[in-house]
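What follows is a pair of complexes built around chain A, which joins chain B in one and chain C in the other.
Up next, the complex of A and B:
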């Protein structure tokens, strides 16, 4: 009787074995993913086509693959120098923001100094400030510091992007560490700074990886700030502004545009492939706190 | 007098014993103060100015900008669009990514790492690139999407997704969801990792199957994360400027002009020979920022209230 009821519950379908079910799920997922990444795959193949063949009706795989689009994008469209500009902004802001937020998060998570609650409140309060709110003063401030048209200015201002979230991640993680660690270090006569650097920081690896990945994604993708700062100085454009400008300036060079786009994506894709395991584990560890 | 003096001394003493902690705050405070706190305060001051370009004079005009904003239909349309956009994209993004994450969380599913990477790819694709590729995909002249729709018989003539004022906002919302679902999926996956395996086993033995596992076992366990993930997604959706600037610049006929595009246009790229209005744009930014903060606080209060109601019920 009971099994009859179960059968009915499933709409009369014969029960599938878990293996068959997984295979069906995989097939559905594969189809979904194929549609999902189709635009990017198309772009990749288009970047290997000669310009006259971009919209030719010959299927997805190019019949006469060539790398000339890449050569043109890298030199003539300056994607080469934009690439290094972006690398500078990304690496610089990742280093600065990781150190600054780890230190701040450590103190906020482990110590009860006067003013801690107020600082916490202020941080959370600013969590929801949209970028459009701060862009004008930031540009004005950088200009008055002489950084209004410089890569250093872009790099410094990019550190603020997800600053508050990172501090809260570190603070949450450090606060759930056992007190014994610090006490043991103090017993052994290890000072505050050394305890942080040699004991606590190595233990916070999941958060460090999370912050590095998230800040890299942010800096590599950031658009409004670099767009505003490089309006008057095209030579310091970042990749995403460069691709955007490419579209405006050489709108018939589709091959070059696709190659420029591919150049922009490939480094972050590789980074994510290498770090994705740590990234997900790190996030899981971070939100647990 | 003497008492307050000792109180001060005790306070200063406490501050002094923590001097190393304060030193540790310095790098962070430099970034926080310079690029987050200062701009917030400065924006509020700028919003009281008539200021037409970075090189021109600033004239203090009080609240005139705000008064002008209240009567500016372009502002209100953009303001409304920002919230509509968030209301469409956030639930869609949360739901789609949660379903994908639950399916991919199955350890025995081979290729799950590959699928995860593929779904994540649009996240690492800069919006400028998406702007170009999607313009080709959605082109009314033989774009792949239109060809597919025509072949399947869903439409009788090609749709101009990005050129039709009625279609442009839903289209951008769909592209936005496509771009950011991957990151929300990773958040969900991280949350799902905290659900103990034994729970699935126990549920299975109790005869709980399929979607019931999701609703009765998984959801209650990841509820605390759900609140954080929803907040992060909502904040991100309000910062949609890059995607829209790269794809339509707010067009056609302002049909996709959200708040930040309005601010950017007013402050940096007025077009048509008009002067940039930095004070006016700041006022719009402040108004928008305060509105978001109020909504966030309301949301937090509401969740707290719900939680305390639940708790009192449990007791």
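Up next, the complex of A and C:
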């Protein structure tokens, strides 16, 4: 949240000193923040309550905290193995997506070839196709490749999520690079592939960071696609699908679901705390790129 | 053997002709400068020699070998770009050795060649720095160093000094001249729009305008006998003064009616050209041209006096420093030295016997 932008909107109140203005803005933002964060806090505390006490009116802090929800979720509900499934899907798709979109973006951004404009148009068009429409074709495609029931299939399908946006990001960034860099490499006798790998790719670090961050979040949190692909094979579920499975026909295991949700969210939160700077740079890079 | 030879070289972008059938011979070891105003095709010509730009017509030979269609890296030429084009993420050492390393030269050899080039350019202390930690002049040296390590037969410079400030430019100019001496035997082609760089560095100057060679020659040759009014005006600072004249039977009449003796020429002169230092300020009654001092530029060792003539033209005269010419005073100008004559097309007219210019 950008406080200076909010301040500008309030420029019509000349009577307030900048200090007072900043305090007012901070209070408003803090209130918004609390509303935003409260459900997450509630989830964390609820995950520490026994199931019988979930909706007991005892305040936010549980009177008899327990970790049994976590134990149940991790072992009985297989969240442990789902965790590693998700890790595989995320890491694998991030690696594939980063390399593939960078290569595609480089060619689209820097070379002119017949049909380039048409290809661009086609890519942009796919952005307007809702994900729901693509699920059946993707599932068909995976099945015909023999990957319909495998974790590798989930991973490959996940790479497609924001692929086009990343290609366009890379293409835009590469197209702004000075021609002289490539020409210098040409004079040096460095070929197309080596120029890409040793000169252009290292220079596109801001976009690489953006792509890694955005793809990580997407792959970790994606729900609909893994839900469909893993319907028939629960052992390859990802975390987000696993959480949904707590909702049974007649009974919802709220405690287990809260614990599973916490297991799902905590790695992303830790990742964010460690790589905060890169996350913000990365998302800002996406806007600028 | 010829270093570089351009025969009928032309360049078209779509239907636009940028370079029209240019013929240039550059000897081995020569320092050749392409000079001309922007858009004259000089950079395009250089890029065609480098191989970065396709040749639309004609042939280019380097060391006797036709290089049309040959890969830039195989032409034996190295290029220094205007904005240096250093790889921002590599250190100076990596920048200089990049081409060699990528082409499979052994690590030890690359290191030696980079060290040698760095010593020559006095940048040994900068080898571990990144380009952004360097000043403009240092980046310039690294860019030259990257060319040197490849040990090319031909160096191509594309306006290498235009991003430097005036002082550094003068200094680097001298260093380039020294470098050419140290790298004896390597041919250098240098593109600039600055005639001072051309005059000070070149063995041979090629003056280009609108994709056509106007004149080729040694610096003083161009200065003393320009082939046409464009070269006359382009080479030399301050710019040569041109005065319209109308030729009569044995006199040249100026726009204010005063007369000069007519030199013996084949065709009738239409324009008279005289450099600022070939004019002297004398008594208003005696001068061939009369005018009023409008501006005085004091350069220290000399003064440039701008004289406004009766027909509202500014003529620049160089006088010794400390003359203290007064703005607003009326002065006469005498043609004291070499005078150039041009015909209606702007071509220089050879004078069979130099006129005595004072009536």
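Note that the second predicted complex is superposed on the first by the 255 of 289 C-alpha atoms of A that agree within 3 Å, B and C clash if a C-alpha of one lies under 4 Å from a C-alpha of the other, contacts with A are read in each partner's own complex, and residues count from 1 in each chain.
Operating definition for what follows: contacts are C-beta pairs under 8 Å (C-beta built on N, C-alpha and C of every residue); 3 or more make two chains touch, one makes a residue touch a chain.
Nothing here was measured: the structure is a model prediction, and the numbers come from that model.
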Superposition on chain A - do chain B and chain C clash or fit: fit
First, second, both or neither for A:151, with chain B first and chain C second: neither
Partner chain(s) touched by A:129 [first = chain B, second = chain C, both, neither]: first
Which of chain B and chain C A:159 touches, first, second, both or neither: first
Partner chain in contact with A:99 - chain B first, chain C second, else both or neither: first
Angle at chain A between chain B and chain C, C-alpha centres, nearest 10 degrees: 90
Contacts of A:22 with chain B and chain C, given as first, second, both or neither: first
First (chain B), second (chain C), both or neither touched by A:168: neither
Per-pair minimum CA distance [chain C against chain B, superposed on A] in Å: 11
Residues on chain A lying within both footprints (that of chain B and that of chain C): none
Touch list for chain C against partner chain A, complex: 50-52, 71-74, 77-79, 81-83, 85-89, 98-99, 102-103, 146, 150
Touching residues (chain side chain A, partner chain B) in the complex: 18, 22, 25-26, 29-30, 33, 36-40, 42-43, 55, 96-97, 99-101, 103-104, 106-107, 111, 113-114, 119, 122-123, 125-141, 143, 156-157, 159-160, 163-165, 167, 192-193, 196, 217, 220-224, 227-228, 231, 239-244, 247, 254, 257-258, 261, 264-265, 268-269, 272-273, 276, 279-281, 283-284, 286-288
Residue ranges of chain A in contact with chain C within the complex: 178, 180-181, 183-190, 194, 198-199, 202-203
Chain B to chain A touching residues, read off their complex: 11, 14-15, 18, 20-22, 24-25, 27-32, 34-40, 42-43, 46, 54, 103-104, 106, 108-111, 113, 115-134, 136-137, 142, 144, 178, 183, 186-187, 189-191, 193-194, 225, 228, 232, 235, 238-239, 241-242, 245-246, 259-260, 263-264, 267-268, 278, 281-282, 284-286, 288-289, 292-293, 296
